[in-house]
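Two complexes are shown next, each including chain A; its partner changes from chain B in the first to chain C in the second.
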Partner chain A sequence: MTATATNAPTKPNRNTVRATQKRELLLLLGFLLVIWAVTTALSPRFLTPANLKDILIQAAPLGFVVIGQMIVIIVRGLDLSVASIMATVAVISTTTIDSTPVIFAVGLMLGAGIGAINGYLVAYRRVTPFLATLATMIVLQGIRFAYTKGAPGGTLPETFRWLATGDILGIPVALIALTVVAFAMHWVLERTIFGRRLKLYGDSPAAAYMTGAPTRLLVVMAFVISGVMAAIAGLFLVGYVGIVDNWTGRGYELDSIAAAVIGGAALSGGKGSVPGVLLAALILVSLFNIVVIIGLSIELQLVIKGTLIILAAAVYMKRSQN
Partner chain B sequence: MRIFKKTALAAAIGLFANQAAADTYEGVPRTFLWNPGTSSIFDAAEYKKDGPYVIGFSNASISNPWRVAMLHGIEAAAERNADKLERFIITDANDDPSKQAADVQDLIAQGVDILLVSPATAEAMDPVIRRAKRQGIPVVLVDRSVPTQENFISFVTASDQALGRISAQWLAEKLNFEGKVVMLGGLAGASPAEARIVAAMEVFDQYPGIEVLETQYTSWSPANGKTIMSALIQKYGQDISGVWADSGLQGSGSIEAFLAAGYEDGAIPPHTGGDFNAMYQLSVQHNVPMVGVDYPPAMGARAFEVLFDVLDGKGIPQRIEVNQQVVVSEGHETASVQADVFVKDYALMDKPGSVIMSSGVGADYDPATFSATYPK
Partner chain C sequence: MSMLVRATRAQPVHLVVVALIAAVFVFGMTVSDRFATPLNLANVQDQMVALAIVALAQTVVILSGGIDLSFAGALSFLCVVFASLAGDTTGTLLLAMAVVAGAGILIGVINGGITAYVGIHPLITTLGTSTILAGVALLLTRQPTGSVPLFFEDFTYGRLGVLPYGMIFVIALYLLIGFMLWRTTFGTRIFAVGDNEAAAAVSGLPVKQTKIAIYALSGLLCAVAAMYMTGRFSVGDPRAGVGFDLRSITPVIVGGTLLAGGKGGVLGTALAVVLLALLANVLNFMNVSSFYQWIAEGVIIIAAVSFFAGKGKS
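Now for the complex of A and B:
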């Protein structure tokens, strides 16, 4: 007792959640800098302001999606419907009125509504998240095709395009929006009772229930956040590409899960941080760009992505054993 | 058929008064007239049968606007031929070859007289088509073929080679045979994507002044077209003097990437790639010289007509190619590539960018309002 008391102040505890999280973040940041440095050594074309700006603009949609995906993963869920939500929101809200606020309002409401359905199925109907969101994904795909008859007719107002591709003082608007949302979500997750309850529920649903937390509502809220994030991402992505497509966001469901896992979210729940998953998203999007810049074929990025997931899983597994 | 064409034409002139729809090439496919080889004729006498018929169509999917347009073309053809139909059953495999194998069996079990199949993948469908033939059901293929020729009667398609060569030849001549070119392919491993690249390389390889900087696949996605071209612009900058894309699906994304990189209207290098209305619209709006050779979804409607030729016991060419328009920006025709129609007259400026051209449904075709009635 006296021995620990005298030792404690000299050596900070390296095993707190926060300390581990910090080390994981540094690891991710280190990895990002290493791949950037290697690419810079291989090609002078990589580390230019214009190219970095491209990467950041392209990373913004994945950034939004991965934040939502992570929150769902924290409550032991999985959201396979994010890409379908992105496309559905993009296709439906752009055919409403030619006004950016209306498009965003409709889009966010749609995203929240679909998220709520996912959450309801998981929390109240006890459908496994995999099945519930898989079903939503398929239903949305059907609705989208029925609604558009295959050829989406949406038009994109100028301000809408500007939000996704423009910049303020050289900083992409999409990046500013992502930063604001990311800080807000980080604060919610780390500093509010709601956020702590999400994590507690992920660690132990029984414990969360016994503290009096409305556990079912927590799960619904997590899916609603994921739906809203996917909606924002869909709008930014369609604004970036400039062409309304029934497959806007194709592949984002798996990319977002990959980024969440690489960024430190554990599929067993309870664990995940906004900066971590955002760094992971940036790593994934950088890889896509790097593969092209150093002249490899696009297909190779899939190999790298898969390897990264395995690597991340192995690293985190080792940590949890320690 | 001719009456239909005339009404479509009248509708076109009425709807788009400034659109010179009458100037498009209306003759038989030039790939047929100029084909140096010959296609053998299948004698369908053994399949001659009296109507009305039960016809089955096993579709790979409607996962992109092109496939939707082809389906609509087929449905419109079914409506025109409704009097000859007892039933017309359509299945959708959602791009899954094993689902499509089951679909084909289902259709045979429902007693179809003939099958129209648009295979999800060539290899996977080969044994399925063989089984259908063994059960005495004639099969006509559209858009994608299977390796074993003797198992089906005819393959209705458009010439990927003509598309690849015409677009590459135009680009080479447009650049005066000197310049660096980026190639944006479609879906890696998909036979049309590969065939078009091979045909384009056949052209580019003849000119030592044309250097292909890079070939990348885009999965025919506008989003991939934009992200990949953004990175390539960073990599090569002003060195890129032309972009060869086999379709406007990724070509439009490429033009968007040049715009995002700050290229002024008129300064964007020449592009190729048809099919997609957005491509033609962007070319007009931002003065991008282009050539577009559509890969027409109208082949679906043509294939549907072929089904009746088989059931009438006629002689059927084993390969049927449909007509393709050559669309060139005004003032940018080259020695080898003359326009059937100019981009400014061809682009549907008031319609959504996602409309697929050459659907064969008619000039006022709008996928959102399309409907057809036939016995189901």
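Now for the complex of A and C:
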């Protein structure tokens, strides 16, 4: 018995998992610093406080969305509806309500509700996450356009705009909000039973079920978190842009999946960390900014993004095989 | 009759879709006198040709347990390339066709190669290639560009009675791919890989090569769709493919092919393409704005998936 046990491939223990995570984070950080250094050498306009602040403010909405996307990916899911949630929440709450706190309260509840529908379809109706969220994405799009008759109007309250564009002691409010949420979600994921169960479910749904975890509820909660994150991101994004638009957040579904994958989340489930995906979001937004700063054609952003998605996925695949 | 059922691999679920088509058709006739006219029905067919071709490609890929999201970028890129090369003579047209078909196959080989040999999930692989190709298409040109020979444009608008040439071509393609799926070794391998990849590998099937061939076929069909679309537009639009990645999936799912792979077929997809096109047409006659049509599309996906979810278990 003992002989078989020692011969069997040893399962990586918690410490080696931590060490791998740490190395992946350092790799991402190193990559970010390299592209920043190269750009600084190429253009004096990149490493200025104003530009760095721009990058951070622009990265904030993607940061919220990618945290939610990662949590869904951890439970073997995928959320294609995030961009549609962003726009729908932003359009419905800002065109009907004038008070900033109420806009946020209603917006977050809307996001949670839509996330719960996604989660219900996936966990209880056994619809593939891809199709469930594809369908909600299209339905929400229809509801939103029908509601606004194609052209949303209304003005945004002053406080609301300040939340998205203003700063406290030189630090953008959006960034402070993201930092708070990121620390909270990191704590939930790494230090609570709920977080452990999410990862356990991603590793093996059967094992999670055996331990007595409410597996269906776990999946619903993951989608609810994603819905809430998308709602926050949508509100910050309209606040930043200043105009309510039916296509607010267009492309964020794919950008958030890209950032999650680059940040180390695996579609097979069970893997992902908040710092990893946030660094990845920062890398993506930095690259978009760099393309503009250096004066390259803006379409190059797409080519870079696509290449990075495949390269990152290939690197992680190699690492997990070794 | 029973031979026909066997040959087409007809299933009870197909009957449901046929019944829905009939219902939509009858309903359409009550909505407008112009609905059941040859002109309108030919128009409906014109509108489904491109979607029918990429949905056919998507069906084969999904049957093998994969997914191909590269159509958005690939169609845009191939349309631009085709229009830039097609010129105005038969010679240049044939050259453009060969180049675009080759490029489509190459895109597929890259998708399949990365998926099979590096082991990246096809969703991520094809999302990556699609993004790159969308970027390249726009780097080549921001405005619609190029042209096609006039006779080719005429051909894509041509009709045999109520049947557009494009539709006849699509029917032939579906028969061909259906034959390939049910009657050839390659087809059997596609189902084997989709049903249980590990089992297929253990029983000695060349899983990786099969995957590359599947995505190559998908890329080739995408190239064919690009030629047709360019002919219809008579220019190469660098945004021609926008939305086709997700739109190509709806008919496959509504037609009863399971996203998990291994179960389904081309007949379901064909019927679903017809159903969705007729429904959109009828809703247009009713002056239902596209906003509500989106809601309908989403609900149809959920309804279809919930319907088939129970079937997959048994």
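Heads up, the rule we're going with is that the second predicted complex is superposed on the first by the 306 of 322 C-alpha atoms of A that agree within 3 Å, B and C clash if a C-alpha of one lies under 4 Å from a C-alpha of the other, contacts with A are read in each partner's own complex, and residues count from 1 in each chain.
We take it that a residue touches a chain if its C-beta (ideal position, glycine included) is under 8 Å from a C-beta of that chain, and two chains touch if they have at least 3 such contacts.
Note that this is a predicted model, so its numbers are computed, not measured.
*Asks:* Assess the superposed three-chain arrangement around chain A: do chain B and chain C clash, or do they fit?
*Replies:* These partners clash in the superposed model.
*Asks:* Examine A:288 and indicate which partner it touches, taking first as chain B and second as chain C; both and neither are also allowed.
*Replies:* first
*Asks:* Once the structures are superposed on A, label A:165 by its partner contacts, choosing first (chain B), second (chain C), both or neither.
*Replies:* So A:165 only meets chain B here.
*Asks:* After the superposition on A, what does A:150 contact: first (chain B), second (chain C), both or neither?
*Replies:* A:150 contacts both chain B and chain C.
*Asks:* Quick check on the superposed pair: does A:64 touch chain B, chain C, both, or neither? Answer first, second, both or neither.
*Replies:* neither
*Asks:* Quick one: classify A:310 as touching chain B (first), chain C (second), both or neither.
*Replies:* A:310 contacts chain C only, not chain B.
*Asks:* Could you tell me if A:297 is touching chain B, chain C, both of them or neither one (first, second, both, neither)?
*Replies:* In the superposition, A:297 touches chain B and chain C alike.
*Asks:* Look at A:135 in the shared chain and tell me whether it touches chain B only, chain C only, both, or neither; answer first, second, both or neither.
*Replies:* The answer is second: A:135 touches chain C but not chain B.
*Asks:* Give me the intersection of chain A's contacts with chain B and its contacts with chain C, in residue numbers.
*Replies:* Dual-contact residues (chain A): 145, 150, 297, 299.
*Asks:* Under the touch definition given earlier, write down the residues of chain B that touch chain A in their complex.
*Replies:* Those residues of chain B that touch chain A are 62-65, 67-69, 71-72, 188, 214, 216-218, 221-224, 226-228, 230-232, 234-237, 252-253, 256, 260-261, 278, 351-356, 367-370.
*Asks:* Considering only the defined contacts, which chain C positions touch chain A in the complex?
*Replies:* My answer: residues 67, 73, 114, 118-121, 123-125, 127-136, 138-139, 142, 246, 249, 253, 259-260, 289-299, 301-302, 305-306, 309.
*Asks:* Flag every residue of chain A that touches chain C in the complex, lowest number first.
*Replies:* On the chain A side, the touching residues are 78, 80, 121, 125-128, 130-132, 134-143, 145-146, 150, 254, 257-258, 261, 267-268, 297, 299-307, 309-310, 313-314, 317, 321.
*Asks:* Report the residues of chain A in contact with chain B in the complex, numbered from low to high.
*Replies:* It is residues 43, 45-46, 48, 50-51, 54, 58, 145, 148-155, 165, 237, 240-248, 250, 288-289, 292-293, 295, 297-299 of chain A that touch chain B.
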